[in-house]
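What follows is chain A paired twice: with chain B in the first complex and chain C in the second.
What follows is the complex of A and B.
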């Protein structure tokens, strides 16, 4: 477990909106992790008590398949949030657009490596587009990505109605395969989360990004370029979302432009549950593994309880409300 | 607030010019451009009575929902859940009436669920201090899930006569509901601009701390604004049942984007309170309605609507920022 990342304490020259909370947060990451693990375990235990067949390979596969794409997207969203970019509401577009470009190139007969690299490139281009509008328009990221999210979905609906990955392609074979009993696509997600967690906590680049998120004014005063950081974060987060698109199309034989919408809430909920606060500047990426796993288990548990799938939306929505409520309450208490 | 007092001494013409320079002016210009494009491209039938009626009917309910949701924006707390709340209100009302309940009772119960949803939003946002956007995104998903959990098979068809007359009737060539919605807009504009309470709401959205220091009950204003927003959406749902005589589980999906885009085009901000005027909301929705209509009449893929709205929205917030509105960093 890496040390919880906290913004560098800025010089106390001007009145700050957020109080310093470096010491108050030192054990928060661990506490978040333990809480989520406990709730996850509780959910699994209750479901297994009601339906003993819940503890099966099928469940494990269902949960890990969902985790793979949601986890990579959560890293992308987490980077935007921790760097003070508020939220990227257009992630579903980055995901599906990249998946579409990848399967289109595969369908055109291009080598797998080209198609797989095109996914992250498409995502990066999309992220940079958002970043350029945000930085040079000096506009709020939430408004910009709300607009590009809906506009982008509409563009995709004009471009294609449904896309299929060629069934004989290597990428599809990779998506169907397993390593160590778990889906192949699960492992890149785990590696990405661990690497990002380490990079954010221990590299100069990561520290700077968190510093910008914690207090942009202080970071600027210390000579960090806000526009460059924003562009880098939105571009990089877009590339990661594009990578999620590659994983997504390898496990979904066909998809529509709307297919990304289902990830929007689960990803934001996972980021907030993991303690990556919407106010920026703090959070631990390793906890994402737990929060994504927990949220991905909900739909499977719902199915085992015999409830219609719509109930997982109800529970995930309720959980997000609960999580941001707790987050807000903690912030308010630490502000006193 | 001193601006309002001074405004009385400035000549009327100069006040009108000052207004034209603001967000309401640029949205009026956008509307004019849209109408000219419609006139040139579609021809005279664009302004025929039947076409005006179609546009009027299509924007009446979003206008009612939007004007009531605009109070939350003014108070600085955005409520993203209105699209799903419209859907949930419609589904609840339709199912209750379909099950044989008296329509008045059903409408009362539906509005009460609006109060409950608004109160939950308000408790988490105002009571616990959570980010409004994230909370109401959760509520948006939760309510959509409930819609899908309730309506699994084909929803019942309901015909409530007084509601049908209200939503489908017209006075001359103007739909009754549109006249009611415009009336509501004007009342809201007067309330926000001229009354003490309206100014209090704007103050809360503009600078909550300063508003608190001068004795305005910030928490109470925001709680009431969030409840009004959710009840308005529930009311919109009931009206949709009157218009469509049924309610599917996807009704209202994405409506929040079109309403908030229209509100932002009309001068509101979803990230900062205290700015915007209900008249701007009316003009913004007219622009969206007029563009939708051009696309419909010309048989153009309706998907282009969201692309155009997104571009206009970005243009509008950029213009507002250049004028000295809130800038990010």
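What follows is the complex of A and C.
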């Protein structure tokens, strides 16, 4: 099967590989989902054998609470990765900057809806800044976002020392509440992951993004604008990180400029573990939900075993290396 | 009295040095503050504030020191280390050129301290350092061991009054990267709780890594609560207020905040509009008031009665007294700006602890 040929195609007669698409319905996605679910089940079983009280609503609350902000950030990172943007290392800045803008506006007495919308807008502006530098500077996204991450942190240190959400605000009340027995902040994350997964797999927008990530040359030959797509992805991913900032400040009554640093490892690990390939063009956002859930269970299990929480970083780091190795193996295998 | 901002001072000092070198043919004396500056016999205090971007109290330390120096009729030279090793090192040269008799400083980038110490040693200028110890410098810092004990004792007494010491879980929100300071604050707090409530079983004491900040504490604490599902009456101690409040917030998220109380350290989150209702109290250090303690040494040096150098946290030249305050008491403590103004107007030898700590008032 060949891709549609456009009038702008420089070599219309040459047969070409169909650009890869999100494999939501593919066996690879199912395999990734089953693998993560099995390992997650194993972790839960082993912990429950040692500590039967692991199977409790307290554990469920702890895991779902831990998943909320990390899950939204993972969606943001996943979009960047699947579109071929490698990684956005400045997500912690987008998160905290958006949270700061949100609580500042709430503190200034603006309506909640204005403050809540300002979060994603701030994140989108930050993402667009990264995108502009990367696209028009033709620079490596990892280096650019590493640099803007440091620069952004420095700017935030100048802007504020610590920020606090007004304790009587509606957003704070939302962050402390529950729906269907689970933390309120958990549900927007689930909805976002499901919607993003469906959008990437079934919409033209999603297919274009995956096409650019999988084979930029072929996508360009089909008439897709790489700069416009990359800018849109960075802007959109930034907006989602900004949304994560809104959720973050609803549960963190006080935070400092560098408070987002702790999310970096779990977010990148979740994305890679979910099978969203670092080479771009491949991945399943529904598997991401399982991946985030599994990684969020690790620190809770660690607590049940009585181990210091630092061990969860060891496990998450180890899993990241394993997932990158598997991703590399798959790429080499598919290249043969 | 001179109060010289960093950049103008740099230019002025450079010009002064150039002129002096030209006039004297590069001759210089390097002892006892008799460097490049004119010495009219007035005692000159050099003060280097830390310049960290997230710490107003560092600048306010300079304001307090300036006021106390004025009280004594001393000359005063203030520079900012700008949270930079290079600037801190340059400032040492400038203080030496200015001919100061004593330096007080907070340097948040202590890796430069050995180099700076050599410069001052060669120039014969004594140094008082805040919170970060350096061999050969008078150490002034909070008594962390006493702070931990004070916080734990206060929390234990609240638990005794409220729950008759029937405590199911004592959570310690640690910041292990702080090393011995973490052990002093959290370890001593746990021991103090056990002292007040000796019947709390040993396995009810659980520690976790909070890294000294609310976000990490809030991320890691849910697992601790989930792993102790039957605990009802819960106490929280920690390396600082951020760590303790992170645990208290996690308890709220998991619906475990009915019977939980925490006692923090440093007073960072015990005042203001957003105090966590379960933060029973904290230990305040009044960081802006450190110079008032340091002037105990400065007065002796100025009087020619140079005290023995004590340069470690274990054996400090002057230990800053920690002040345990309940949430209600903290609400009555004046703001940091008011405290600086009050310290500046206070009699010689008065410290922030004397003025503002409820325990000092009896």
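Here is the rule we use: the second predicted complex is superposed on the first by the 310 of 336 C-alpha atoms of A that agree within 3 Å, B and C clash if a C-alpha of one lies under 4 Å from a C-alpha of the other, contacts with A are read in each partner's own complex, and residues count from 1 in each chain.
One rule holds for everything that comes next: contacts are C-beta pairs under 8 Å (C-beta built on N, C-alpha and C of every residue); 3 or more make two chains touch, one makes a residue touch a chain.
Predicted model only: the values in this text are computed from it and were never measured.
A.B. asks: In the superposed arrangement, does A:308 touch chain B (first), chain C (second), both or neither?
C.D. replies: In the superposed model, A:308 contacts both chain B and chain C.
A.B. asks: Where does A:268 make contact in the superposed view: on chain B (first), on chain C (second), on both, or on neither?
C.D. replies: Only chain B; A:268 stays clear of chain C.
A.B. asks: For A:141, decide between first (touching chain B), second (touching chain C), both and neither.
C.D. replies: The first partner, chain B, only.
A.B. asks: Under the stated touch criterion, name the partner, chain B or chain C, that contacts more residues in chain A.
C.D. replies: B
A.B. asks: A:133 in the overlay: touching chain B, chain C, both, or neither? Say first, second, both or neither.
C.D. replies: first
A.B. asks: With the two complexes superposed on chain A, say which partner A:204 touches: chain B (first), chain C (second), both, or neither.
C.D. replies: neither
A.B. asks: Quick check for you: in the superposed arrangement, does A:157 touch first (chain B), second (chain C), both or neither?
C.D. replies: Once the two structures are laid over each other on A, A:157 reaches both partners.
A.B. asks: Touching chain B in one complex and chain C in the other: list those residues of chain A.
C.D. replies: Dual-contact residues (chain A): 157-158, 308, 310.
A.B. asks: Chain C touches which residues of chain A in the complex?
C.D. replies: For this pair, the touching residues of chain A are 51, 53-54, 56, 58-59, 61-62, 65-66, 157-158, 161-162, 164-167, 176, 183, 251-257, 259-260, 262, 299-304, 306, 308-310.
A.B. asks: Under the stated contact criterion, what part of chain C meets chain A in this complex?
C.D. replies: Result: residues 53-56, 207-209, 211, 213-216, 218-220, 222-227, 229-230, 242, 245, 249-250, 252-256, 269, 272-274, 276 of chain C touch chain A.
A.B. asks: Inside the complex, what are the residues of chain A that reach chain B?
C.D. replies: Touch residues, chain A against chain B: 87, 133-134, 137-144, 146-148, 150-151, 153-155, 157-158, 216, 226, 230, 264-265, 268-269, 272, 278-279, 307-308, 310-321, 324-329, 331-332.
A.B. asks: Could you list, by residue number, the parts of chain B that touch chain A in their complex?
C.D. replies: Residues of chain B touching chain A: 120, 124-125, 128-131, 133-135, 137-149, 152, 254, 257, 260-261, 264, 269-271, 301, 303-307, 309-311, 313-314, 317-318, 321, 326-329.
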